[in-house]
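Think of it as A, B, C and D in the order they're written, each chain with its own count starting at 1.
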């Protein structure tokens, strides 16, 4: 009864907060059952992308100025977040964002908020616990007291409770030990392969994401800088440069900056003088 | 300045009477505090209009139960239904647009709502006072030389029942779970497909129903129903704070504690000491334990 | 080793059960560019917060600041505003600007510790107050000049693009004229051109204003090009320290950055 | 010296050419002064009038010369309160209006349709008192971000100090009571601000509200102890007067008994207007200098502020002390102006009234307080007039049956609507209007 993956198509998406443009003409495609990653540094607009897809921009006073977002051929732009979740988009938010005062079980049940088939929820809960057996003894624990890795598992499990056709993971690796992140990515791959769920992973940890994803996009300053298959990008010197700290062109261009000589700029007479 | 201290008495029956009076008053505070806590816990709004909501409840009770002379249960049902609709109106008409605004702006808008309600009640009911409600049993009995009114017992039972009901609701129903989720983290809740809007609307409706019940009960113990009863909203603040603004059970205990303290201050020091003493207790609790006796502390990281 | 402007020993910061910083020690040479790097969540910002007084490290830690020509100060004995007055200024990763105020006001706040107009003098707008306001204005005009902020003087900071906001915050700490400048990811979210500009500004602060720079940066290529000394954190622990060239060869650093299988073995 | 035309090097608002209006407006205003003096205050002798006229003209000419910017602005010029030509024009017009208003209101003029001219003077004076208090309130809660409901407590403090110093000690010496109230207000204000060091938002609000009740207790005790339940009389033999050694001043014409008692709206206006204007200017100056900037910094991000070297605790206490001192002074003024203060003069509704004033006027802008209090006091007057005189309103029985209730409802609705749709309030609308006017004028007169 698992829903098969739906494809997500984003065209020309431009998002602004007040007067500041956060995304500019972004075009991203997640094929049905695909595994796509979007890479980018801090401030590249990754989180804004997630918010636009999940309809949460309004909470941050952001606005979509142009563009379209379609899920399985149907526009989800401008829909409210409950409708978007019902349409099949689930997310693991950045920083996990569990409900700290709720128990693990309650957290998981919240993930099923959009479902109307009450009877099916228990089955999903069981499925999730099979996926994350570590969580079984923790069910009645308060979520805020779990370790980072456990919290992230709850967050992924919570997202899966809505039986999504598209799963969005925002910064899954943030603050977690590589071992745990690795395990999480393997689980994502498994979900992707066995359930056919489309997966969109937003990451800073480029090497890991590129290892698991099929396609990748690189976001910089709100624009799509590069796109291609993960294998292609992994070999791309610029990606290595940006995310793997290699020694490419940009490196030399920083090193070549000359130090200013003799206090020219500081202490110059002011422009708005009364001469 | 010489602050005259009243006559301390060792007479146990006087103190017992004060204790019982305090518990009765405290039960009323608990009803009001429960309304505050409901709204504050789920929507982060400090509702300064709750006293007015309660006044609205009392006046509506007057209309449905006395003027229209409905059957008691039917009247109460209509009263609560009207209050529920009113709560939805408050949310969808006003508070919905204020989500994400600054704290003080939201406090001020509840003050605006309070002003409107007061003005409208004055227009439609006039400034003259109405008698108190007398639909619940009016008798009283004595224990150890102190008088206990039946109404007080009923109020007690109703408040305890409401808290229990809310507790069960929050613990075991889906909507209750969603309401707690929204209170914890509105953005994450929205991301899970919970509609914060709906949850907020339900919260306001529930708080308004509580205010309806409170008005109905308070109408039985107040001297007369007039526009001065909105003051109960302000006087219940210490109760809500002492109990902890995020704890339903705390509001009952806080209400009782503050009610008893007020009555003792009233009896032993004089009426004028009532509010200062209550607010001083609140002040001390705030400084020592800002989240109240039962409120929970949220971890904050810069 | 020449003289150190800042030395910290055994700095541990704990949140609940998590050690965001675990017993970190190090020293920053006067006039140098010290870089602190590491993946997200490695505890870089926490360390800076502990040094600047925002967080209290666990007992046993020692943070010493040596102002030029004055005896060393134990920073842990001071509150954040006193540390700022000693000559340690910092920026924030996600901007510590006052978004509703205009650029001038934000920059003038950087001069707070240097001019001393009292409330009464300000309210009466006395001659002295005017003189000091003017002095502060002239001081920040130099910053405006250096950072090319002239076009935005009276614009509300919240309405300006991110890159400009970063520059304003940098300008504000320059206006404080500290001896030690702590920059928390000043180039995050910037394009390569903007980064180059920022590097020039940092050089200016270092060479013309004699500031020592303590830099947190995510972009390895920037750090490798400009830092004199690099410290690498991962999971709250110092995993390596040395010159940029050394760091590039260090296996643990590579592992931490790439988060690969190496860490698993 | 002519205006040099330096093309602006950058896109700044730094280069000005004085407009024609701006050059001549001050002179136009100054020229009216002798007419005002000549036509209305007959008791000022000729030489005084001549001297005042000359002095006013000289001062205006000097300022007009000095303030006319030429070419690029110096930083000193750029720092001025009235920076742009339109700022200066509006300031000049306001000054002019404030000077002329009492004479117009005191004249025999009666507008058509029974427009409530006669009641205006009292309203204007109340507006002045309330504007001062509301501006201080706004400085604290709006500008400094320290939420407080203890506002009315300080009005009461002003009355207490006025009662002790102004009535009991000196038998009607308001001039002594004002500074005393300022000092007492500052000290008690700083104490009332202590919770702000630990508490924020909701909890601070409740703590200050507790302070309100404590102060009310003190007020009632004080009343009972010294004045019985009736209240304190600040009028009659306790009215403030001008000391006899100041009677040589122009416009001061002692009564038969050789005293000059401040009574009647006209005389009160000349007391209240300068005090209000000066205290508001004081606050505006604070806001644009060092400590005032620190207030805003602490409001926005206190961590960031403390890392700039701002002592956050001290800054918060300063904000409380300054605001409370001015509110206490306005409490003294209100006591003496209204004439008596009793048990119920300081109820919770008064706290709400001030909240209404700052919301309607414009949250966190000091001039908003002026708009707000003007609106608060004029609305009932105009509403009353509309009910009695306007034919299409007069016929609605409903409105005439519940005048004060509808008044209250209107205020409540306005608070809600303004907070929902126009959080800047009337001050924001006024700013928008000025910008619009500026744009329109610029377009029509290139």
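The criterion applied here is as follows: contacts are C-beta pairs under 8 Å (C-beta built on N, C-alpha and C of every residue); 3 or more make two chains touch, one makes a residue touch a chain.
The model shown is predicted, which means the values in this text are computed figures rather than measured ones.
A.B. asks: Across the interfaces A-B and C-D, which one involves more C-beta pairs in contact?
C.D. replies: C-D
A.B. asks: Measuring centre to centre, with centres taken as mean CA positions, what chain is farthest from chain D?
C.D. replies: Of all the other chains, the one whose centre lies farthest from chain D is A.
A.B. asks: Can you give the whole-Å distance between the Cα centres of chain C and chain D?
C.D. replies: Roughly 43 Å, centre to centre.
A.B. asks: Report, in whole Å, the distance between the mean C-alpha point of chain B and the mean C-alpha point of chain D.
C.D. replies: Here the centre of chain D sits 38 Å away from the centre of chain B.
A.B. asks: Hey, how far is the Cα centre of chain A from the one of chain D, in Å?
C.D. replies: 53
A.B. asks: When you check chain B against every other chain, which residues touch at least two of them?
C.D. replies: In chain B, 299, 302 touch at least two other chains.
A.B. asks: Where in chain D do residues touch two or more other chains at once?
C.D. replies: Within chain D, the residues that touch at least two other chains are 9-10, 12, 14, 75, 78, 303.
A.B. asks: When you check chain C against every other chain, which residues touch at least two of them?
C.D. replies: 54, 138, 141, 150
A.B. asks: Name, in rising order, each residue of chain A that touches chain B in their complex.
C.D. replies: Residues 54-56, 59, 61, 80-82, 84-86, 91, 93, 97-102, 106, 109-111, 113-114, 144, 158-159, 162.
A.B. asks: Can you tell me which positions in chain D touch chain C when the two form their complex?
C.D. replies: It comes out as residues 9-14, 75-76, 78-79, 282-283, 285-286, 289-294, 296-297, 300-301, 303-312, 318, 322.
A.B. asks: Name, in rising order, each residue of chain C that touches chain D in their complex.
C.D. replies: Those residues of chain C that touch chain D are 52-54, 79-81, 83-85, 89-90, 92, 96-101, 105, 108-110, 112-113, 115-119, 121-125, 129-130, 132-134, 136-138, 141, 150-151, 153-154, 172, 176.
A.B. asks: Tell me, which parts of chain B touch chain A in their complex?
C.D. replies: Touch residues, chain B against chain A: 100, 174, 177-178, 180-181, 184-195, 296, 298-299.
A.B. asks: Taking the complex as given, what residues does chain B use to touch chain D?
C.D. replies: On the chain B side, the touching residues are 1-3, 40, 46, 94, 97-98, 101, 103-105, 107-109, 111-120, 122-123, 231, 234, 237-238, 241, 245, 272-273, 275-276, 278-280, 282-283, 286-287, 290, 302.
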